[in-house]
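What follows is a structure written as structure tokens; I'll ask about it next.
Residue numbering begins at 1 within each chain, and the chains themselves are lettered A, B, C and D in the order written.
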Amino acid sequence: MNTDTKEWLELAEIKAELAERDWFMGTSGNLSIREPDGPTFYITASGKDKRKQTDSDFLLVDLKGSPVQETELRPSAETLLHTVIYGKTKANCVLHVHTVENNVVSELYGDEGSVTFRNQEIIKATGRWDEDSEFRIPIIYNHGDIPLLAEKFNLHVQDDSGAVLIRNHGITVWGKSGFEAKRILEACEFLFQYQLLLNTQLAHTASLT
Amino acid sequence: MNTDTKEWLELAEIKAELAERDWFMGTSGNLSIREPDGPTFYITASGKDKRKQTDSDFLLVDLKGSPVQETELRPSAETLLHTVIYGKTKANCVLHVHTVENNVVSELYGDEGSVTFRNQEIIKATGRWDEDSEFRIPIIYNHGDIPLLAEKFNLHVQDDSGAVLIRNHGITVWGKSGFEAKRILEACEFLFQYQLLLNTQLAHTASLT
Amino acid sequence: MNTDTKEWLELAEIKAELAERDWFMGTSGNLSIREPDGPTFYITASGKDKRKQTDSDFLLVDLKGSPVQETELRPSAETLLHTVIYGKTKANCVLHVHTVENNVVSELYGDEGSVTFRNQEIIKATGRWDEDSEFRIPIIYNHGDIPLLAEKFNLHVQDDSGAVLIRNHGITVWGKSGFEAKRILEACEFLFQYQLLLNTQLAHTASLT
Amino acid sequence: MNTDTKEWLELAEIKAELAERDWFMGTSGNLSIREPDGPTFYITASGKDKRKQTDSDFLLVDLKGSPVQETELRPSAETLLHTVIYGKTKANCVLHVHTVENNVVSELYGDEGSVTFRNQEIIKATGRWDEDSEFRIPIIYNHGDIPLLAEKFNLHVQDDSGAVLIRNHGITVWGKSGFEAKRILEACEFLFQYQLLLNTQLAHTASLT
């Protein structure tokens, strides 16, 4: 496989950066990037230590998630979620990571089916520029059956960029470029950390009254 | 543009250090440094990934915030806040960053209009050396209209060094040198982390009584 | 000693990675890896700064924990726990680390004798693939007498991979490879961080009602 | 000054490691190491960015804290605390750092005059090996007058290794070697983080009952 295309290198760089933040604990997470105008995309191979950079980190698959070349690598078990996004939108990059904070938020607000942020400057990073913009992230149940999970996930994939939390199963974000996808992911994680920290502070305030 | 002046290199170094702490989540934040005795300053270009170091990270603008050379780069959307500081004071460096902690503090104490610290050795890092010194940081409303925001911000810019929180929109600090601005910024972030951690501990104490 | 065998290098790499996360505070922790098909294993030497990489980081010992070569190095004081695992199972790697979170979990749930996780995608990293899998980690008392500690520890060593918390004395995990042991360790630490953060959020929720 | 002695290099290495953990926020903190059998020690120069490594990071002073060579460098303002330790004990290294956690602990337990830890394996890192060992860290008032502060500090300096918290002014630890001093410092910070995290968990437990 060609491991020095612009897309491969971009995905490798994003992977290295997210690994530095330790967002792939327990070999969790998967990433992909689409070939230009292509019906194919690079996706992380299954069962790898994502803190390392190797020539077999990614493999090229088609929009059904099947390898387009002879390879011993298996695509990530959750490739189906990536194909949903590439099949429906003009997104060119999909990032799925587990962080302690996104999992706790998904559990805490899971029964409500979504978590919503407003009055936060950093919301602009998701492409919402109005002063009173809301940023709502759906939270779906973590079906163990991947096709069923993909079907439920599909209901929340409309735009060329977006974010969905899977309950106790991390976040999936996508964007028109790797840069955009990463920017949205960082904004989401910032907002999760913010909300959880603010909650504990409000508990403090409540304890004083 | 000349990318190896003392000022460019100093700003690049500060940027790298703050990026290492992940203080530019979602491409947030902007930084600037003044040319010696000059009516011009380097400021971060808009829409860049600040974890990377490139020759187009900064551009040179005048005290109105307009580029002084032909360039494809756009100055940060919030350049106006920097021009307020350089126009009124002898500050030579301005740093604006979002951290989870500074945003939570800005929300928690926002209605009071400021947050005040005392009895903390680290306050000396802001240039306050008396044992009973107070360090008060104003918190202003985050007006979406930047000229209006700059006008409100302007009311709190008197000295050659200082710090202002914008509610849910990070902190802006300035100083007579990059070294001083960074020292003040670090002291502020330390104090924010301290206060938030202490609050949760006091909630614990209250829960036991 | 031969310091460039595959096993030495793998253990050195794991040590470097765990050190980067600061999981060896106060020179705590110890690690080992078994020689292929061998009755011998490499184990961290006692009293070293595990943030550094040297030729005397590990020594080779037999299944009784005695050095198999003339050496000035002493095996870790807790080598006995490693020999229990290698003597009973087909595990090839054992990792013992102190983190603030694993110690707090061991104290918080210590009286119950174990802590159990479920409905967490990341449990799959421990080899439990069913949707309703439970992951139970025993917590044993921290006997100062190492042979007694090893005896109690022994009761929880049945499988070729596993994890045991010692109260206020870190976690010990093992697996059929260094890769597996590290994956389980990361999953455990992720789950500990998750549980502790969720607890404080539930306290917040309770404070509002 | 000779900047490649064993002692200089050891102190530089410790400084680099503590800087990596961001334990010198706002240019706080100071470090020193004694020359072998000597009435002189290297101490951090005042007002430096301790994240950087330069030839003027340290200067050599006598047991009164006065430079023993012509230099433009000023010893740290708190050199007096180091001279107290070197004058009374056989310690060869002194480390003083501010962390958010040590400052919060110093405030939280300050009125009691000390904080005590027990039943923690990591206490062994301070040289206490008995199963029921206690580790008590005195907390003194932060007198702005350094000679007065040194006088109060002096009351808690008896052994060749130890630790003292100054209220909202960080921790000072010392040991017979740089290795020992760093090990004690890490154990202290681990214990502080542990205690603060446990407190918030107990608040959670209390909220449920």
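Please note the rule applied: a residue touches a chain if its C-beta (ideal position, glycine included) is under 8 Å from a C-beta of that chain, and two chains touch if they have at least 3 such contacts.
Remember, it's a predicted structure, so these values are computed and weren't measured experimentally.
Novice: Quick one: compare the interface residues of subunit B with those of subunit D and tell me same or different, with half as the dividing line.
Specialist: different
Novice: Using C-alpha centroids, which chain lies at the maximum separation from subunit D?
Specialist: Result for max centroid distance from subunit D is chain A.
Novice: Indicate the whole-number Å distance between the mean C-alpha point of subunit A and the mean C-alpha point of subunit C.
Specialist: 30
Novice: How many angstrom lie between the centres of subunit A and subunit D, each centre taken as the mean Cα position?
Specialist: 42
Novice: For subunit B, jot down the residues that touch at least 2 other chains.
Specialist: In subunit B, residues 200, 203, 207 touch at least two other chains, as defined above.
Novice: Which residues of subunit B touch subunit A in their complex?
Specialist: 22, 25-28, 49, 51, 98, 100-101, 103-104, 107-108, 142-144, 166-170, 196, 199-200, 202-203, 206-207
Novice: Applying the document's contact rule, which stretches of subunit B touch subunit D when the two form their complex?
Specialist: 17, 21, 119-122, 125, 130-131, 179, 182-184, 186-187, 189-190, 193-194, 197-198, 200-201, 203-205, 207-208
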